[in-house]
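As written, the chain order gives the labels A, B, C and D, with residue 1 at the start of each chain.
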Amino acid sequence: MDAIFDSFIIVSIIKALVIFAVLMTTLAYLQWVERKVIAHVQVRPGPYRVGPHGLLQPLADVIKLITKEDLVPPYVNKVFYLAAPFLAITMALLSISVIPFGPIITVGPVRTWMQMTDLNIGVLFVLAASSMGVYGIALAGWASNNKYSLLGGLRSSAQMISYELPMSLAIAAPLLISNTLSLRDLVETQAGGFWHWNLVGGGQVVSFIIFIIAAFAETNRVPFDLPEAENELVAGFHTEYSSMKFASFFMAEYANMITVSAMATLLFLGGWMAPWPVEYGSSFVPPLIFAFFGLVLLYHGKQAVRKWDKITFPAFGIIFLVIAAIFLIPMVQGWLLPLFWFLAKTGAILFVFIWIRATLPRFRYDQLMAFTWKGLFPVAMLNLLITAFLVALRTK
Amino acid sequence: MQLWLIPILPLAGFLINGIFGRRFPKSLVNVVAVGSVVLSFLWVVKTLLALGSLQEPHLEHYFTWIQSGTAGDPGFLQVNCDFMVDRLTAVFLLVVTGVGSLIHIYATGYMAHEGGYYRFFAYLNLFMFFMLVLVLGASFLLLFVGWEGVGLCSYLLIGFYFDKKFATDAGNKAFIVNRIGDFGFALAMFLIFRNFHSLEFVKALPQAATATEGTLAVIGLLLMVGACGKSAQIPLYVWLPDAMAGPTPVSALIHAATMVTAGVYMTARSNVIYHHAPGAAGVIAIIGIATAFMAATIGMAQNDIKKVFAYSTVSQLGYMFVGIGSGAYGAGVWHVVTHAFFKALLFLGAGSVIHALEGEQDMRHMGGLRKKIPITFWTMCCAWVAIAGIPPFSGFYSKDAILAAAYEHSPAIYWIGVITAGITAFYVSRAMFLTFFGEPRGHHHPHESPPVMWIPLAILGILSLTGGFLFNVPEYLKEIFPPIHEVENPTLVYISVAAGVLGIAIAYLMYMVKPGMADSIAGALKAPYQLIYNKYFVDELYDATIVKPVVAGSRVVLWKGVDAGLIDGTVNGVGARSRDVGSILRLLQSGNIRSYAAWVLAGGVALILVMGFTGGLR
Amino acid sequence: MLTAVPISWYLTLSAVLFALGVAGFLFRRNVITVFMSIELMLNAVNLSFVTFSYHNKTNDGHLFTFFVMVVAAAEAAVGLAIILTVFKNKGTLNIDEVDSMKN
Amino acid sequence: MDVILFLVFALIAVACAINVVVQTHPISSAISLVGVMGSLAILYLLLGAEFIAAAQVIVYAGAIMVLFVFVIMLLNAGAESRKGRSYTVQLIGVPLLIAFLGLLAFFVQGMSGRETVVFGGFQKGSPRDIGQALFTTYLLPFEVTSLLILIAIVGAIVLARKEID
């Protein structure tokens, strides 16, 4: 009893540490990716100076944020002002803990899931965490004792409550099909090719779209970033925040993005399941991709324009080729492939987030509300009803 | 077979028009009202075609409406919401929905300039619903539902012009008189349940053979009381003439074609009872012939065109009951059908005349309309020859069948019937001559009615010309009625036809050849003329013997004594006492919520104490 | 060192929370705070519901709790709307000044 | 383990509840109330009521209390004014409260004997079971509550809408 118990505790701690570390770096680099992508959408290089192609930019940002002066305006409500960013980042990270990245792996003596813990109410847990997330922003807005911040806080709380409904309804539809609330089982029910995914097999296109839209609003992303609309509210709820406290809001936003993207992957895109079974060679897709990029980099390295690239391109090319090679090792394939697919799907959705940000203008506030209450909500409700009806028919 | 659709369609029409009609444009109201009825007519046709020759009644069970007691014991009452179609029902369904549709179409033209348009059509649709329930219902109770429903609609529609005193009075009169009849009907139903332990036609009626003739006679007579109320027979006919206060389409649909024949339907439906209780049947025949004769004589002296046709309706209903009473149920129902055609036509034609003369109803101010409104004139001529019993038109066949049966029953009734036939021909001819021939006596500018009004007239005209030999109803209904041995007796036919022709001839003589002769005759026979002109003073008689005492009693005893003294006294006393108590309790109302909360908390503590120490918490 | 929690502790906790809710209702004069005290009492009751359903080994208590939540949501919506209206009309949130029902 | 968890979260709950009552500023009370609800959710988990725990967080903490916070911010309600407070209610209330709590605690101790709560001792709290009961045994109440919510929505809109004139 105790041995297992201890090992459980230890394993959990290790997993927590690993996930935390990975997540933090991902957050930092997601920022870099975003800037790069937007830059290329707008036909400009983006961050370029710090490191090759600005690869070290996040590092620089982190240092900048940490070393900045951390000032607390005198007229704020101290307790909540300090608590708000902490609350925001905590709630953002909390939901990661139930998200499964892959199947069981065996590391030395212990076999464990690539997931911190599996609740049989995992989905509800994520919903709960995200619904708590609003407090961070609302409190920040209120505690800053500044009318722009207050408006930002009000907007975000109203907006989050409003968009939670269609989101929940959109989540409910695939749950009906998979007939479980545990994220792990949810993925298991979608195994065996993309025609079993809830998006395709379940025909949940509508709820997928609704979910993505609501996710944009929940994470206060363009085109729903009313709470921090510069041209109306300076910087919205985090006007008064600086340095690490600002950074934690920042991280919270990106962590939420990752969470919702992961949720979308799990709910609709079959999680870590390959788009088609291994016997049809889905296992060769990742190595091919990496190999392709490696070769491309090598090729570019041959006629590089800047002198940096003469070193960096080939280096990265070789790294990619090595990764491609690793993918071919049978003993690691067991956990590497699922991880790849999960990350690929999540990354694709994240790319959509960034893409949209680079593309769409911002809503007007009344449009925002009318859109969810008069548009999304009824459609989601209808979709849920139809799905329930079909499921009932199928089980008959 | 989805029988339920037949009544549901008009009900839907009623609901739609009744709820949203106020906001609808007239065209939409028309579409809903007429459409629903026509649809249900089409559905009836489809259903009957699908059912083919109804050798066996087709029954549809929907749900158990009332259930009491345990199955098996005699007190076990189970009333299902069942619909039944046999040949009798089929005939009535066709008449009700068919004539109903025509009259709906007509009404869209007739009511075009009236207020409360949507209300009128909502009521009309509701009436259709109840009438169809009445004929479709497979048990006496369901029939009774429709029975009361049509009574209600008739009340509503008679009082349609509720801002006119006489209209509302007529409505009340109809309603109250019908209550008497319904009372009899209800008693009859109790007896039926008591003796046959069921109210379903298929269960109850076959047992009639087993019961004693006395019981059956009582049941039959009580049923006849109900029929008297609904179908305006002596002594309860007085409401029908006043019912003409309603709009003319209502008079045509409810008070000529369909509702008033409900009594005939009901008696024909329970023919087994009468078959085994000849005494009751005889009474019916006598009532029928008496009504027929009396109403016909009254009809001779009326000047309001609608009143004439109203009394004619009463008289024709009398004929039908003669048929029922003398065992010729088929003939009675046949007369219902033909009468529906020509009487509806007469009323609609009268309506068209009234419409043409901007509401003029007195025949003394009409005349010479033949040229002005030819279509109306020619269509009404069809009805004229039909009701006058001129062969080979519809009225002739049915009336003749009845009279033949009556002769078998008792020659006396036959002879009175023949005389009545003559009188009938006379007063209809009188009406026609006064209205359409001679010199215009009014100062109006008549205009022909729009097509939407005269097309139904034309259809009805064709039907009343050809209805007799097209639909041989008695042949169709032979199986379900007890057989009667008919003897071909040409002389009877000649006599009745002769009577009809004679009536027309006299009318022609009195109103065409020598106008004014009528007045001289009236002057010569002062007393009888006054008698029939004042409808035998029946209304006055009822007023003196029944109405006044009842009113007086209610005013003195019930109102002054019971209501004002007892009930109001009690209520006011209670009110006063509670006000006193409240004035004391009011002091608690500090308006401070927290003090209320404190009170609640105190209550909670007390509750816990009590429960705890009485062991309620263990 | 006892290894499991006596069920009475849960009930006592619920009682304490309820009493605190009542206290809030009695002693606070801000309408919103009073309203929140009501929510607190509801939560206390929910806790005892769930505890009792553990005691009875049925999940009826959970259902009751669920319904209480639903009703609480509806109540919050309407109540807060009322508070907004009161504030709009009277310009105060002090419950003692909202006594137009007096006498 | 159970005992520690229970004690920790029970203490948090009580502390937050006291905070709800003593804080003069509504928003502080609101946040403390959220704390109470969160810790209660944990206690529900201990009692094996997973669904209720989730619902507690989602509905109460995530929706209702957000609504409260929203309204408080909207009205920008300041701290409670100390002026003109009447002690009469306190005078009646305090002893009543003490009596109430004492009696309640006393009877509670008397009622439930030595039964103890062990984590995992109750398995019927999963969403599936709740759903089963909700749509079979409790179908009518469920429908009625749905109607109630509809009424509440309409009422709230009617109350809070601007007067159009």
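Quick note on the criterion: contacts are C-beta pairs under 8 Å (C-beta built on N, C-alpha and C of every residue); 3 or more make two chains touch, one makes a residue touch a chain.
Please read all numbers here as calculations on a predicted model, not as lab measurements.
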>> Going by the touch criterion at the top, tell me which pair is linked by more C-beta contacts: C-D or A-D.
In response: C-D
> If you average the CA atoms of subunit A and of subunit C, how many Å lie between those two points?
Replying inline: 37
> Hey, how far is the Cα centre of subunit C from the one of subunit D, in Å?
Replying inline: 5
> So, what's the distance in Å between the C-alpha centres of subunit D and subunit A?
Replying inline: 32
>> Using Cα averages as centroids, what's the distance between subunit B and subunit D in whole Å?
In response: 65
> What positions in subunit A touch 2 or more of the other chains?
Replying inline: none
> Can you list the residues of subunit C that touch 2 or more other chains?
Replying inline: 22, 26-27, 29, 96
> Residues of subunit D that touch two or more other chains: which are they?
Replying inline: 51, 55, 63, 67, 74, 89, 93, 97, 100, 104, 111
> Which chains touch, pair by pair?
Replying inline: A-D, B-C, B-D, C-D
> Residues of subunit D touching subunit B in their complex?
Replying inline: 88-89, 92-93, 96-97, 99-100, 103-104, 106-107, 110-111
>> Quick check on the complex: what are the subunit D residues that touch subunit C?
In response: 2-3, 6, 10, 13-14, 17-18, 20-21, 26, 29-30, 33, 36-37, 40, 43-44, 46-49, 51-52, 55-56, 59-60, 63-65, 67-68, 71-72, 74-75, 77, 80-81, 84-86, 89-90, 93, 97, 100-101, 104-105, 108-109, 111-112, 114-118, 121-122, 124-125, 129-130, 133-134, 137-138, 141, 145, 148-149, 151-153, 155-157, 159-160
> Any idea which subunit C residues touch subunit D in the complex?
Replying inline: 1-13, 15-24, 26-30, 32-33, 35-37, 39-40, 43, 46-47, 50-51, 53-55, 57-60, 62-63, 65-67, 69-78, 80-85, 87, 93-94, 96
>> Applying the document's contact rule, which stretches of subunit A touch subunit D when the two form their complex?
In response: 79-80, 119-121, 124-125, 127-128, 131-132, 134-135, 138-139, 141-142, 150, 153-154, 157-158, 160-161, 164, 181
> Taking the complex as given, what residues does subunit B use to touch subunit C?
Replying inline: 586, 589-594, 597-598, 601
